[in-house]
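All chains are identified by letter, namely A, B, C, D and E, in their written order; residue positions are counted from 1 within each chain.
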Amino acid sequence: MIDTGVLYGLTGVALAAMGFRATLLEPEVIRKLLAINIMGVGIFLLMIATAYTGPDTAADPVLHALVLTGIVVAVSATALGLALERRRRDKDGS
Amino acid sequence: MLDWISTFLILAGVAFFVSGTIGLLRLPDLYCRLHALTKSDNLGHGLLILGLMLRSDDLLTALKLLLIWILVLTASAAASQLIAQYSGRS
Amino acid sequence: MNTLSWSFLDILLVIALVLLAGAALRARSLRQSIILFIAFGLVTALVWARLRAPDVALAEAAIGAGLTGALLLTALRNRPSEESRLVSNNGMRWGGRWGNVAITVSVSLVALGIGWAVLYGMNDTQSGRLAGQVGSALELSGVSNPVTAVLLNFRAYDTLLELAVLLAALLGILSLGGGRATHCTVDPIATSLRGWLVPLLILTAGYQLWVGAHAPGGAFQAGALLAAAGVVQHLAGRAHAGLPVGAVLRVLMVSGIGIFMTMGLWTFLGGRGFLAYPQRWAGELILLIELFATLAIAVTLILCYLGSEPERRRITPAGSKP
Amino acid sequence: MPDVLMLACVVMAATLVVGLVPMVRSTSSVERMLTAQLLGTNGVGLILLLAQILDMPALVDVALVLALLAVIAVVAFTRRSGGSERA
Amino acid sequence: MEVDVLVLSVALPLCGALIAVAWPRRCEVVGMLTAFAVSVAAVLTLVQVLVVGALQHEMGGWTPGLGIALRVDILSAVFLVLVGLVVLASSVYATGYFGQPREKAHFWPMWLLLLAALNALVLSSDLFNVYVTLELLGLTAVSLAALSGQRAAIDAALRYLLVGLLGSMVYLAGVALLYLGYGTLDLPAIATQIESEPIAWLALCLMTGGLLLKTALFPLHFWLPPAHANAPAPVSAVLSALVVKAGFYLVMRLWIDLFPALLTPSTGLLLGIPGAAAVLWGSWQAFKAERLKLLAAYSTVAQLGYLFLGLALLFQLAPGPTRDVLFGGIVLMALTHGFAKAGLFLAAGMVQKRSGNDQISNLGGMAQRMPVTTFTIALAGVALIGLPPSGAFLGKWQLLSSALGLGQWLWVIVVATGSMLAAAYVFRVLERAFAGSSQPDAPVAIAREEWPALLLSAIAAVLLGVGSGWLWPLLGNDI
């Protein structure tokens, strides 16, 4: 049947495309941040699919370390984005 | 012999999960669904974990599985109670 | 029979991922998209586990699903019903109807191109790529878990900068001010849960930190679990979420990078090169760095969740003890 | 015989996907949290099965973390958005 | 014992930032000392590179494929010195700019992290490490841009963050593709393996697209003017002079070192046409701007257009002396714009602080009240237009001569109109400044704020033009 790495790689690309499109088109700020996170997961999925080398052999640890770094960077960016959005709403008195 | 028991437990657990999901889909009222969800949570998960504990090779993993089960039990109990209380008010 | 069922499982997981992502982006209300996003984080952790990436699954579960969910739900809490739009005259609205179609078409074309390149690149697999080098140099690294070896020895400079990114985000949030750490009234269930959940979280965090040397785990997962303990403290009414106040808090914030820098400068001035641990002590040094990194990450993530530094300790009104 | 575990895995994944439908379609946020709770437990079960099939004990830790966070998410949800007080 | 100074350019600002966070009462002193030490380290690195040639430091002692290597050649050493000097001058300015201790305690740690990010980005030669430095740069720049707290600044910072994240995610996708294709992350290692195949093409497009989003090249520039105009003066100086240029530096580094095999003369046009459009559109918007800071921000968009236009010409020239000279011209223009724009923004900050707002219409009498600031703006204007003594003149001269050499008249027209528009908006400001004002009061001067801006503009207008003879031969052997 279809090769695992390719299937997940293509899903990753699809998720990244969905996230990218939604970031541009969504007017609401928190949804934009969700879309950026989904795009990040898509790219990480592409990386982990590359790292997957078969059901029994160990996967490529370098890519796992990169994705781990990427997850931490993504959460810190999201936290800053949410804080900016909260501050923005406090400013216009709502 | 042990394998047969664990296989049976796992299949029973999965069966409860399936029934829980079907219940969630079809039952009309929130409280019925709440019942279906907690049933599938507690029993299905418990059986599944028991089956896996029989298959696990070392004691630490088995104890971890037990801990996970207890966590899931409290999670679903607290969740159902909170949700019921929350939905009761809104 | 086995490969068929694997493919079946993969297809189901992929459907779940794409369905949840699409639903989260197109959901009507904001609360619905946040809950769908948390479920998306859960399924992502599942996919990482399936693709034999336990470290990443742990991090995704602890940070992706857990903390990001808590951050989003907090953002949801203190907002009135209407949604704040970032629409300005020349801003992100790309010309209404036709703009949408144009962007969707162009993005999907690029995606098709990348997909084809992935297909093209995936089958000439230089299997393992850098994995071979990591494998051969593993015993020099002082730890036996390859991912921790890469994170804290081979590419330690990356992790140092990543901790700096976390600190930068925290400084940005603190400089924005505003969001005082609100004090919640006591709720019996949350308080009873706090009683045993916080110790369990702290215990699991310690276990993750220790096991990181020889099995999947490590500073980031442990730090996120500790932060989750802080979030539970705050939910159960502790305005300080178990954090120290003032100078101690600031030192804790920078402790992670501080230890990394002292280690790096010490080896650098010793002529060995920045962050080149002496081979005999590599394991112990890595554990020391991970310990402080866990504390720093936990403090940073809790402060990001709170939105601002808790003020000086004072006896809060009746109900909850500080 | 690993194929029993595989069968269980596939069925659990199927229930996961089927469980998504009410979640996406449903209106009230309470019901969505309910379905999320079911998905959480389903996911934890699936990871435990994977741990046994792939013979990776580390995945049990993942399940443990997920179970822990399921509790926090639910408490966060009910306390945070319209819980007992307007925080 | 031979100590690699280049590691200090990253280690010092990080340590400074940590101390500034842990010791907020003394953060200003720590900040100033660190900024000074970093600029000394940058100059030492430049000297070391001039003496020894390109340097490399393997982090952790591992070979670059497995570990990460910091590399510095003449190009990055020159950028290091630009970063060091501009940040030092802006730091001196910032000591007078920020009043209350609370504002200082928030400003200085982030300021030093920004400096560390800039140095780390210039020195890094590992593709994923560049991604992490890009994120660190983006987050610190956003936090600093939102420091003033007004609604406009926070809106601009939020849009800047979203665009920055989008840019670095697209860049990361390119890096993932390269790793999929070539199995390593080290820049020189990949450069040897790359040949013209679909995966390399797509990686090039994605990485360049992400970087152009962060560098605000013409179609993707909408987020830059509000972000730079609403940030505090020292921050907007560094944003315009350095942070935006870091993206250009990376595009130059990728297109010259990593993807030379893929570049046909026509691909250069992909950068040239948006560059030309940026020059025209940016200069026109700057001419129409009513606020001094907005004028400076739009002029940044225009000046970046010149740099990308230069790159487009560069790739059409066969390797040889003419190409080396053009490369030197582009680097010189980048440096001159860095110093001049920093000086202009600092001067604009002083104008805003003195008269409450920086509306160009009521700059009346500034020449009498603030003579040094007006002189600074004039000098910066000289460098922005590209009049003879400034480095930009030499750069634009090379641009025009190579365009004429290639017989492509379009670029000549674009550069000419761009320079005329630049002259127009600079003289418009100066004309308002020298016009009489209703209440001529006593001259207002604070040395600590005025001298750094003046020195920066003077370097751009005079030093880089006259004293850049030593630069060109060294840049030549780089490409």
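We take it that a residue touches a chain if its C-beta (ideal position, glycine included) is under 8 Å from a C-beta of that chain, and two chains touch if they have at least 3 such contacts.
A quick note: this is a predicted structure, and the numbers were derived from the prediction, not measured.
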Most remote chain, CA-based centroid, reference being subunit B: E
Chain whose Cα centroid lies at the greatest distance from that of subunit C: E
Dominant interface by contact count, named by its two chains: A-C
Inter-centroid spacing, subunit C versus subunit B (mean Cα positions, whole Å): 28
Centroid distance [mean C-alpha coordinates] between subunit E and subunit D, Å: 48
Computed distance of Cα centres, subunit D from subunit A, in Å: 20
Junction residues of subunit C, two or more chains touched: 6, 52, 55, 74, 76, 78, 86, 92, 114, 118, 122, 129-130, 134, 154-155, 158, 162, 165, 168-169, 172, 176-177, 189, 193
For subunit A, residues contacting two or more additional chains: 16, 19-20, 29, 32, 46, 50, 55, 62, 66, 69, 73, 76-77, 80, 84-85, 87-88
Subunit E: positions in contact with at least two other chains: 128, 132, 135, 139, 142-143, 146, 154-155, 158, 162, 173, 179-180, 185
Chains touching one another, given as label pairs in label order: A-C, A-E, B-C, B-D, C-D, C-E
Touch list for subunit D against partner subunit B, complex: 1, 4-5, 8, 11-12, 15, 18-19, 21-22, 28, 30-31, 33-35, 37-38, 40-42, 44-45, 48-49, 51-52, 57, 60-61, 63-64, 67-68, 70-71, 74-75, 78, 82-83
Touching residues on subunit C, where the partner in the complex is subunit A: 3-4, 6-7, 10-11, 14, 17-18, 21-22, 24-25, 30, 33-34, 37, 40, 44, 47-48, 51-53, 55-56, 59-60, 63-64, 67-68, 71-72, 74-76, 78-80, 82-87, 92-94, 99-100, 103-104, 107-108, 110-111, 114-115, 118-119, 122-123, 125, 127-131, 134, 146-147, 149-151, 154-155, 158-159, 162, 165-166, 168-170, 172-173, 176-179, 220, 297, 301, 304-305, 307
Parts of subunit B lying in touch with subunit C, wherever the complex brings them together: 74, 78, 81-82
Subunit C residues touching subunit D - in the complex, by the definition given at the top: 1-2, 5-6, 8-9, 12-13, 15-16, 19-20, 23, 27, 29, 31-32, 35-36, 38-39, 42-43, 45-46, 49-50, 52, 54-55, 57-58, 61-62, 65-66, 69-70, 73-74, 76-78, 182, 184-185, 187, 189-190, 193, 197, 200-201, 204, 207-208, 211, 215-217, 221, 225, 228, 231-232, 235
Subunit D residues within the subunit C interface of the complex: 2-3, 6-7, 9-10, 13-14, 16-17, 20, 23-24, 29, 32-33, 36, 39-40, 43, 46-47, 50-51, 54, 56-59, 61-62, 64-66, 68-69, 71-73, 75-77, 79-81, 83-85, 87
